[in-house]
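What follows is subunit A paired twice: with subunit B in the first complex and subunit C in the second.
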Partner chain A sequence: MEEIIQLLVSGLAYGSIYALVALGFVLIYNAVGVVNFAQGEFVMVPSYIAVVFLNFWGLPFILAYLGTILVACLFGLLFQQVAYYPLRHRTYLPVIISTIGASIFLQNAALVVFGAEPKKPESIFRPGDTFEISGIFIVPQYVLILVVTLLLVAFQYYLFERTKLGKQLQATAQDKTTAQLMGIQVNHMIIFTFMYSAVLGAVAGILVSPLLLVSKTMGGGLALKAFSATIIGGFGSVPGAILGGLFLGIAEKMAARYISSAYEQAFAFIILIVVLLIKPEGLFGEKISEKA
Partner chain B sequence: MKLAFRKTYLSSLAVMALLLTVLMAACGDNTATTTSAATAAATTASSAATTAAANGSTTTAAASGSAAAASSLGPIPKGPAQINGTIVVALNTEITGAGSQTGELARKAAEIAVDKINNTGGVNGQKIELKVEDAQSSNTGALAALNKAADDKAVAMVGPVKSTQILAINDRIKELKMPALIGGTNVTLTQKGNEWVFRFRPNDGIAGNAMANFLLNDKGASKIGILHDSDAFGTGGADVVEAAVKKAGKQVAKREKYTTGSQDFTAQLLSIKSAGADALVIYGTNAQDDAVILRQIKEQGMKIPVVGSPSFGQTIVTSLASDVTEGVYVVQDFFTGRTPEYNEYAKAWQTKFNSEPDGLSAWNWDAIHLLSRIIAQVGTDNSKIREALSQVKGYQGAVGLFDFTRGGDGLNSVDVAQYKDKKLVFIRNVAVS
Partner chain C sequence: MLKLEGIAANYGKVQALRSVSLEVETGQIVTIIGANGAGKTTTFKTISGLVRPVAGRLEFEGHNLANLAPEKIVELGIIHVPEGRRLFPGLSVLDNLLLGATSRHKKNQKWRAEAAEDLEKVYKIFPALKLLAKRLSWTLSGGEQQMCAIGRGLMARPRLLMLDEPSLGLAPVLVQEVFRTIVEINRQGMTVLLNEQNARQALAIASRGYVLETGTMVLSGEARGLLNNEQIKRAYLGSAMKIKDPDLAEVVENSTRKIPTPGE
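Up next, the complex of A and B:
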């Protein structure tokens, strides 16, 4: 029993990270109709920024993290200007290729700047800070991940459902032309979406890098899992991305423990294939025909 | 609209598949970079060599084909071993290609050995001339380098260090009757019925046996947990550990594996913990994984003795996980700086190159020193050199105590070290019979 709870905690923590990255995917997809293949780099780049702030400059945590989020906003803006904006009137394909190009460029830039050896960012908690409750070892970083993700999701719900900005973003996602006719600054909404998506990536990076170490390829694996999560949850659906991420995180840990640890990394994709076969619209998604 | 949406959706999926391929390639690329970057620390190369050796059987076939082709051109004439009064020793190593970093370090180690011998009177007054033959980081390149060594009338060849290359040129070594002083660590290299091959590093089977014996005998463990990388090196190592534990009449509590680059080991560690393991062997390949594993062991509150494979001794582990290494045991080919012979090597290196000496390459120094000593006794005839090498017993080199009377393996022990105050300290030498 203790073991199951422990697996649940670790599964939820990793699931939250998948969920954050998956949200980034879905928001950009809804806004511009293109999957951003550089989503993993939206995690990797801010993680390196955090390493610079924490390890190289020795800033206190709160400053370093706020600074990282600020830089992530600028990064999202820049990414939008360079990789999306010039191609906005073209079909989806050039944009997709452009995001792939950006991904390769950013990974290699990280290699040139920071070298091949991974970096260990300073973290709030030390490995010895694990606390034990009747045989269950709780890693404080996991708790932090869960709490922050919960707050962020709540904030996002408020933003999208209760504010004028949120309504404008939703309108843009639903129908750009009509939204524009209603006087919404569609381009601004798209810029904002990219920035917000980068912030989600930054938060995921800040939360997960003390566990994974920061390397140029750290984002790739996360992005693949997160992409699976969006499909498992129902592609394009915001709650689907969150639930899909959490589901994937837990399923992965349980399968690794009770089926086979050798294939832990493969389970995400096995689950993906099974979901696509049985319920192609995703576990929590609407039918594609209804949505379009 | 509906159609357009579907189209976008489907092609997104298609491009995702493409990206997956790109990422896989990128990951592979990254591993390679990390590996070559870490050559300064012992044993990365040994793992790389063995991983490469996984392809050994196929490459052997291909290379013996080309070996046959080479020999059909006629046997390479055997001439006098001395040209202009020098004794030629070949170094078969990688000067170009993916392994060039390792090759460069091997060349340096060999150079300082030759300098040392030549500056202290040479071999019975004759100078040694080192011919560096480029294996081009490939099996065919290693074969070409061997043929070139024969053309250069080398009396013996030091290298290669990669197991797969040694397997590839094994037949040609035999044909040319060229004493080969090798550094590859794949267990089978010295079991091919080739009496011309002499290994100057402990083979991969020794580390696994030593890990099991150390935990069972020194730590009194009786239920050993094994966690290993699922690649060829990790699996092979774990197989040896498991066999050694069973041979000692003890049991393996649980054996779990992971893929290189996995990020979370909670499930594996929990499984080992709940199986009631009283000690843990970790056979990792990638030092970055090692660092993460040690962190999570601490986070899971596991307090059993842990012994890690050689990659746990790499500097990456100390730089990424210095706060969780305390008390962890590591097996190493040899503990750097334990012998005066090693210190002599390190000093020579620092004097000539003004940089940190590479421990992993020190066997080249030993090979050349032992060779020069033997040539001084028996001359430059290749059969006599082979004969004398096979009778070496009790030669203390920088990397260990050599005894070739047992067969092609000169070393049969590894050192166990332990992290204390973020530094490795020597615990003891564990010999495997």
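Up next, the complex of A and C:
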């Protein structure tokens, strides 16, 4: 029993990271109709920024993290301007290729600037730290991940469902042309989406880098898992991305413990294939059919 | 109020509009009639800024619209209610209506109070929408969606309301309802530019009509005059065909009579 709870906590923690990255995928996909293949770099770049602030500059945690999020906003803006905006009137293909190009560029830029050796960021908790509640050992970093993710998802729900900006973002995602006819500044909405997606990546990066270390390839693996999570949850669906991410995290940990730990990294894709075969629209996808 | 002169527009290499000229005066209902593909929707898109004209002049109350972004054109008071309703499917009816007031947010601190006021006005015109307010808009029937789309347009307090094929795909009873509503909105002082394939009814409520064929305005004039124009009768009103079924003939008769023209 204790073991299952411990697995659930670590599964939910990793699942939260997948969910954050998956949300970034889905929001950009909904806004511009293109899968951003550089989503992993939305995690990697801010993670390095956090390393600079924490390890090189020695800033206190709160300042370093806020600074990282600020830089992530600017990074999202820059990415939108360089990789998406010039191609906005083209079909999806040039944009996809452009995001792949950006991904390769950013990974190699990280290699040039920071070297090949993974960096270990200063972290609030030490890696060995655990605490015990009635026989269950819990890693505090996991708790931090869960709490922050919960807060961020709550914030996002409020933003999208309760504010004017959120409604305009939803309208833009659902029908760009008509959004323009309402006087919504669609370009601003798209810029905001990229910035917010980068913030999601930054938060994921800050939370996960004490566990994974910061390297040029850290984003790629996460992004692949997160992408699987979006498909498992129902592609394009916001709740689907969150639930898909959490489901994937838990399933992965459970399978690693009870089936084979050697194949831990493969289970995500096995689950993906099974879901695609049995329920291709995803486990939690919402369906909006359109009427004439 | 609105003036188009020799407007031409392309989709890529395909020329959609060759030469479109028209004029709308304050308080009028003006209708553009024409077959599918004649360029009615493109004309609307050019006015609302979704398509850029490659030639011609496009003016609204002294403002040149030709190079303005769609949201700027909305701010000037031109609202384009698109063909096929185009509600935001995943948002509620209320959210759809409130989004219609987007253009009023920027310059106006009191928009919330005004939007609430406008919402009541829209509910007065379309009482059904009040009951449907919480429903996601994709669950609405075609007629309800059209009401919501027109209501959403009115939420912007437009000076000029452009309705693109509002009767398309609706049951005959609802078509009547839509036309009656347009007349009512117009009586309250709204200028309306109407795209319609339903030429007879459109001309019956309009004061001016324009006939569009393959991207060119081929005919224009007083709506009443166009209704009696032999050429139009043959091409758009279908009266060249003898209607043999007496029931159907009666329906067609009634459909023109039931609708009061403004000023009657």
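Methods note: the second predicted complex is superposed on the first by the 285 of 292 C-alpha atoms of A that agree within 3 Å, B and C clash if a C-alpha of one lies under 4 Å from a C-alpha of the other, contacts with A are read in each partner's own complex, and residues count from 1 in each chain.
Just so we're on the same page, a residue touches a chain if its C-beta (ideal position, glycine included) is under 8 Å from a C-beta of that chain, and two chains touch if they have at least 3 such contacts.
Values in this document were obtained by computation on a predicted structure and should not be read as measured data.
In the superposition on chain A, A:F235 makes contact with subunit B only, not with subunit C.
Ranking subunit B and subunit C by residues of subunit A touched puts B first.
In the superposition on chain A, contact of A:Q180 is made with subunit C only, not with subunit B. Contacts of A:K167 after superposition: subunit C is touched, whereas subunit B is not reached. In the superposed model, A:L224 lies in contact with subunit B only, and not with subunit C. Of the two partner chains, neither subunit B nor subunit C is touched by A:A64. Taken together, the two structures place residues 288-289, 291-292 of subunit A in contact with subunit B in one case and with subunit C in the other.
Residues of subunit C touching subunit A in their complex: 48-50, 70-71, 74-75, 79-82, 84, 86-91, 95, 98-100, 102-103, 105, 136, 138, 140-142, 145, 152, 156, 169. For subunit A in complex with subunit C, the touching residues are 164, 167-168, 170-171, 174-175, 177-185, 288-292. Contact residues on subunit A toward subunit B in their complex (touch as defined above): 3, 6-7, 10, 14, 29, 33-35, 37, 92-93, 96, 100, 103-104, 107, 111, 115-118, 120, 126-128, 130, 132, 137, 139, 211-213, 215-217, 220-221, 224, 227, 235, 253-254, 256-257, 261-262, 264-265, 288-289, 291-292. If you check the complex, the residues on subunit B that touch subunit A are 1-2, 4-6, 8-9, 11-12, 15-16, 18-20, 22-23, 26-27, 30, 33-34, 37-38, 230, 256-259, 261-264, 266-268, 270-271, 274, 288, 291-292, 295, 298-301, 316, 319-321, 323-324.
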